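Per-chain residue numbering starts at 1, and chain names A, B, C, D, E and F are given in the order in which the chains are listed.
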Amino acid sequence: MPKVVTFGEVMLRLSNPGYLRFGQARQFDATFGGGEANVAVSLANYGIDSHFVTRIPKNDIADMCTAELRSFGVNLDGVVYGGYRVGIYYLETGAMARGSKVVYDRAHSAMSEIRPGMVNWREVLKGAEWFHWTGITPALSQGAADTCLEAIKIANEMGVKVSCDLNYRKKLWQYGKSASEVMPELVAGCNLILGNEEDAEKEFGIKPEGFEGKPAGYFILFCYCGLAYLLAWGIMKALVPKYKPIES
Amino acid sequence: MPKVVTFGEVMLRLSNPGYLRFGQARQFDATFGGGEANVAVSLANYGIDSHFVTRIPKNDIADMCTAELRSFGVNLDGVVYGGYRVGIYYLETGAMARGSKVVYDRAHSAMSEIRPGMVNWREVLKGAEWFHWTGITPALSQGAADTCLEAIKIANEMGVKVSCDLNYRKKLWQYGKSASEVMPELVAGCNLILGNEEDAEKEFGIKPEGFEGKPAGYFILFCYCGLAYLLAWGIMKALVPKYKPIES
Amino acid sequence: MPKVVTFGEVMLRLSNPGYLRFGQARQFDATFGGGEANVAVSLANYGIDSHFVTRIPKNDIADMCTAELRSFGVNLDGVVYGGYRVGIYYLETGAMARGSKVVYDRAHSAMSEIRPGMVNWREVLKGAEWFHWTGITPALSQGAADTCLEAIKIANEMGVKVSCDLNYRKKLWQYGKSASEVMPELVAGCNLILGNEEDAEKEFGIKPEGFEGKPAGYFILFCYCGLAYLLAWGIMKALVPKYKPIES
Amino acid sequence: MPKVVTFGEVMLRLSNPGYLRFGQARQFDATFGGGEANVAVSLANYGIDSHFVTRIPKNDIADMCTAELRSFGVNLDGVVYGGYRVGIYYLETGAMARGSKVVYDRAHSAMSEIRPGMVNWREVLKGAEWFHWTGITPALSQGAADTCLEAIKIANEMGVKVSCDLNYRKKLWQYGKSASEVMPELVAGCNLILGNEEDAEKEFGIKPEGFEGKPAGYFILFCYCGLAYLLAWGIMKALVPKYKPIES
Amino acid sequence: MPKVVTFGEVMLRLSNPGYLRFGQARQFDATFGGGEANVAVSLANYGIDSHFVTRIPKNDIADMCTAELRSFGVNLDGVVYGGYRVGIYYLETGAMARGSKVVYDRAHSAMSEIRPGMVNWREVLKGAEWFHWTGITPALSQGAADTCLEAIKIANEMGVKVSCDLNYRKKLWQYGKSASEVMPELVAGCNLILGNEEDAEKEFGIKPEGFEGKPAGYFILFCYCGLAYLLAWGIMKALVPKYKPIES
Amino acid sequence: MPKVVTFGEVMLRLSNPGYLRFGQARQFDATFGGGEANVAVSLANYGIDSHFVTRIPKNDIADMCTAELRSFGVNLDGVVYGGYRVGIYYLETGAMARGSKVVYDRAHSAMSEIRPGMVNWREVLKGAEWFHWTGITPALSQGAADTCLEAIKIANEMGVKVSCDLNYRKKLWQYGKSASEVMPELVAGCNLILGNEEDAEKEFGIKPEGFEGKPAGYFILFCYCGLAYLLAWGIMKALVPKYKPIES
C-alpha cells in the first residue's frame, strides 16, 4: 500500500453532552481531532499506509490523543514529543435556531512551538508517495510556518508529491504575518491544492472570476466541500487508480 | 454578617469518571476549584458575607466557573475580567495501590497574568474585616506576587486583618524567584498565618525545632491539616466569637 | 442597574434522559424552574439587579434550587424559608408523533401555603423599579392569591411599577375560586399586562374581538409568545431605554 | 407454592449518583422500595406466590413503581389505585467520615390516605397462608392504622397467619397518636413478631430485661437484624419446612 | 379478560448510546425485544391476559430478559428454560444521511435449538382465545419450525384461534429450507394472517396483483404497517368487540 | 526493539456499571480482553515491538476490538479474519460480601473455530525473538489446540523462543480431550513456562512436592501471580537485559 504523510496540529475537543449549554454541563465528552489528522484517519480507513506528524507533549493527555489516532491504524512513528500542552477547543452543539459555539484555548500548544530541525523529514518521508498539509499549520506561528516550508522543500527534493488544503482561518494568523505573505511560497511547492474562493482571495488576493492561477508547476482544484473524507478519497484515487473500497 | 475577601486562582478541574485511567476515559467531569475559592465557599456556607477576587477571561468556560461560585453564595463583584484562558488540571483518581495522577495545564492563565492596578482594592476591601490569600498566588508569576503585595498593603492601611495559608508548592515558583525571596515581605503584613513544617522551611528557611517565629506583629499558627473547611472555621471563629452553626 | 423583583413558585423538574419513556428510565435529570424565576434569570443575564421572591422549605432539595438560581446571578435575599416540600413535575419529552407528558406533584408545596405577612414586602421592594408576577401564583391557593394582592398594593403605594403575565392554567385554580373571581382585583394594580386571547377570555370574560380593555389605569399588551426571554426583554427596555446588550 | 400477602407503602427513592452531594448532582437515580415491598420481592425470589398490597395513584410515576415490583415476580392484583402522589425520599450516600442524608417528602401520599373498606381483604387473603405488615404502616396515619387493623382481623377470621416487623420510626407517628397507643391492639392479632429492644420499649413500654412477653397466643422473636432477606427467609421456612433454595 | 399466547424468540439488544458509532462507544444500552414479545407487551398494556412462550437459558442475562417482560405484565408461565445463550443484536442508530447498522449474533440461541415436546402446549393454551406467531420463528431452525407447527396443530385441535405475521426475513432461513417450503403448512392452520406483498411473494410465490388468496378457511389481511401496536390492537379488537381503552 | 508475538482469544467484556447487579443494569460497559492480548498490550507499553495473533470476524464489533488493541500500540498484521462471532463474557462486579459473577457466552467464537493453515506462521514469526501462548487456547477446541501446536513447531524450527502461561481453566476443555492429554506435547516445545501448583497437577499430573520437572530442554518457573504485567516484565527482561523503565 502506498505511504502518505500528513502534518498538522491535533487538539483536544471538549464538548457538552447532547445539546446542553456550557452553563448546564458538568461533563465534557473528550475526543481529539484536527484537519490533517482526520485526513490521516480517513486514509487509514481505506487501507493506505497512513502516517501523521505533529508535535505534542509527553504527558497523559497527549497519550490519550496518540492512542486514539493509533486505534484508527494511523502510524505515528514521526511524531515529535515536546512542549507543554495540547491545544483545546470547547464545543457547545447548537440546536434548532441556536447556533453551535466554540471556545478556543490553543495558544502555546506544543505544535505552535515547533521549529525547523525538530522533525527528521528525510526519515519521515522515506518511501512516501504523498505529503499533505493545510493552511492551518502556517497560521499557528512563525515556527510552524517555517517547519511546513522545510517539509515541503524536502518532499520536493525527494520527489514526494505534495498537497495542500488552503483552509483560511481568520481567527488564526496572529503572529504578525498575514496569510498572503506566507502562503505563496509554501503553495509553490505543491502538486495539488484544494480550496475555495475565500481561500484564494485571502491567501493569494485572487478573486475567482478572472482567476488565472499562479505561474506553471501546479494547478488549483476548487473543491467546495472541504470534508476530510473527500480529501482522503481524492488523494487515494491519485495514488491507487484501480482502488475499490473493501466494503461499500 | 462580617465581610471576608479571599484572593487567588480558580482552575477548571477535568477528572476521569470513577476510577477510570486517562487512557480509558472518553469523558471528563468538570468542576472548578482553588484553595482561596474553596475558603470563600466554606465561609459563605457559614453565612459570612464572602467575596472572592480573581482574574478570569470573558468567555463561556469562565462563565461556568463564576456561575458555580455564585451558586454557593460567593460574591464576585471584585472579579477582574481579562486574559485568555482558565488554567486546567486533569485528575485521574487512584484506586487501591495505584496513586492519583494530576496533569497541570495552567501556564498563561488569566490569573497568572494579573498585574498591580487591575483590582480596585480600596473598593473591594471596603467594609471587610478580613482578607485571605495563600502561598500559591505569589508562586504563579511576578505580577501575581506584586498584586498580592499590593492587596496586603492596602488591607493593612485600611485596618483589614490579613491571613495567609503558606501552602508551599514546589511545582510552581517557575518565574525566576524562590519562595524564600518573595514570601517574607508578603507575610510581614499578615495577622494570621497557617502552615506546616515544610512551608516554614521552604518559604522562610526555618526548621520547626528551635523555631522562635518571626519578630513581633504576627504569629504563626501551625495547622497540620490544610482543609478549607478548617480554615474557614478558623477565620469565622475569629470574626464571630459567639457564632453557632445553624444546623449541626 | 435598576432593581426588579419577581414573585412566584419554583419547582423541581424531574425529566427522563433523552427521549426515554417513564417506564424505561431509571434516572431523572433534575433542574428547577418556574415562569417568574425564569424571568428573573433572564433579567440577571441582561445585567439587571434581579430579585426573586418565593417560599421554600429549609432542606437540601430546596438548597439545590436556591444554588441554581444564585448561579445565574439572581438575588434571593427576599426568599422566605418554611413549609415542607418543593413542588415537583415529572417530564417525559416527546419524540416525533408522540407528545410530551407531564405529571404534576405540586400540592402542599411551601409556596402554595404562603400567607400574607410572611414576606416583608416593604423591605423587598425598597429601591425596586419594577415588580413582576404571573397568573400562576394566585391559581395555587387562597393564601398565594392574598399574598400576591398584598405585594401589588404595597408596590402601588411605593410607586413600584407592576407587570403581570396572565398565563391562565386550567389544571390549577382548584381551591374553590375561579380565575375570573380573583384576577380582576389583582390586575387592577398593574402597569403592564401580558396575555393572549385565552387568558383574556378565561380570566376576564372578554373575547378579543370587540375588546376595549379594562377601565383606565392600565393597558393590555397582547403578546402572543409568552417566552420569558421576551418578557425580560420587554421589562428591561421599559427600564433602560438606552439599553444595549453587552454582547450580541 | 404457598401464597403470602404483604401490605405497606412503597416510595420513590431519588438518590444522587455515586457519592455526589445534593448540591453537586444534576441527576437522580430512581428506584422504588419499602420494607413490606422488599419482603414481597425476597419471597418471590424464593419462588413463593408473593402478593403485595398498597394504595398508589393511577399515573406514570406509580406505573414505574408497579412495573418494577412486577419485574421481580410480585403479584399486584390486590393493589388499590387512588390518591394523588407517590411518597418520595431523597438519598445522598455518605462517604468515609460523611454520613448519608435522607430528605423525606412523603406526606399526603396515596398510601397515607388509605381508609378501611378500600381493600377487598377477603378476596386478597383468599388462599393465603400468611399476611405480613410492619410498624411503619400504622405510623403513617389514622386511616392506615385502621386499615391495618381491618386486615389483621380478617386474616385472623380466615385463619391466615399474621407476622409483624415492629420497626419503630420516631420521625413518623405525626398524626396525634403514639405507637404505644396504637400498636398493642394490632400486635394482639399476630402469630409472629419481629423486633428489637427499641421497638419493644417504644411500642409497648417494655424494657428487654425483665421482659416476659405478652399474654399467650403469640410470642416475640427478637431478631436484631431487620433485613428483608432474613425476614423473607423466616416466613418461608415457616411455610415450607422442606424448602431448599433453587440455587445457592 | 381473554387470554392470548404469543410464541417466538426474544433477543438482547445492545445499542450505542445516542448517535455514537460502534467505534466510538464504550458502552451499550441493553434492552430485550422480539416481534412476538412486543405483541405480548402491547396486549398486556391493553389489559389482555397476555402470555409469552419462548426458550431461554437459566442464567443472569436471561433473567434480565424475563424481569423486563414481567415488568410489563406479561405472563411467562409457559417459558421453557434450557440452552446456552440469548441471541444478541448490536445496533448503531443512524443520523441524517448515515443509516442505522445492525450486527447479528443470534446463532445457537436457546430458542433456535427448541424442539417439539419441550413446550407443554396443551397446558399453555388452556383457556386461551388466541395464539400468535410470526414468520421469524420457523426461519430460525428446523426445530423451531417443527415446534411452531406443533403449537398450531394443538391450537387448532383445542379451538384456539391462530394468527401469523408473515414477516419474511431474508437474512434468516439458513438451515437448508426456504420459506416457501415451510410456511404454507404452518399458515394453513391460521385464522388471521398479516403480511405485505414481499411476504406473499417470498413465502407463497404469489404476486399481489391477481392474488386470489389461499383456499378457504382463512383470509389474508394485507397490513402495510407491521407495528406491534397495530397488531395488538387488531387481535384485541377481534377478542373484545366492545373494548374501550382504560385511559386514552 | 525486539519483536514478540502472542497468540490467543480476545473477548468482548460487558460489565454492569459500578456495583449494579445484572437485574438492575440497563447498560453495559464494553471493553475487550484476553490473557494473551493483555500480555501484548503490556509489552507494547514497555516499548517492545508487540504483535498479537487471533482469529476474529470481519464485522463492526470485531473492529471495535482491533481498534482498542491498536490504540495501545499492538501490531495486528498477523490477525486472521473469519468466523461469525466475538466471544462474550458478562461481568457483575462484587461489592463487600457479595462476590463477582461472570456469565460466559463464548462458544462458537471465531477463535474457537481456527484451524491449522489459517495463520501464516512463517510470516508472522519472521524476525521475532519470542512467541507466547497460554493454556486457555488449546482448551477452546481441537482446532485451536492444533493451531497452537503448529505455531510452536514452526517457532522451534525458526529458533524463536517460546513461552507458555499454563493457566488451567476447568470450565473450558469441553471438546472431548483433557488438559493432560493435550498440554504435554505443546509444552515440550517451550523455553519458558509459567504456572502454579494447580496447573502442574491438572495439566501434567505432577504434585509440586517431589516435582522434578519435565525432561531437559525447558524449565518450569512457578510464578504464583499470573498478572499480565509480571509476565510482560519477565519476557521483556529476558529480551532486553539492560532494560530500564522510561518512567517509574
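Details
Convention: a residue touches a chain if its C-beta (ideal position, glycine included) is under 8 Å from a C-beta of that chain, and two chains touch if they have at least 3 such contacts.
Please read these numbers as outputs of a predicted model, since none were measured by experiment.
Taking the mean Cα position of each chain as its centre, A sits at the greatest distance from chain D. Because chain C and chain D carry the same sequence, their contact can be compared by residue number, and over half of the numbers here are used by both. Chain E and chain F carry the same sequence, and matching their CA atoms takes a turn of 180 degrees, rounded to a multiple of 5. Per-chain CA centroids place chain B at a distance of 65 Å from chain E. Per-chain CA centroids place chain A at a distance of 40 Å from chain B. Inter-chain spacing, taken between the CA centroids of chain A and chain E, is 51 Å.
In chain E, the positions touching at least two other chains are 18, 23-24, 26, 31, 67, 71-72. Considering their complex, residues 67-68, 70-73 of chain B touch chain C.
The residues of chain F lying in touch with chain E in their complex are 14, 17, 22-23, 25-31, 59-61, 63-64, 67, 84-86, 88, 90, 92, 101, 103, 105, 107-108.
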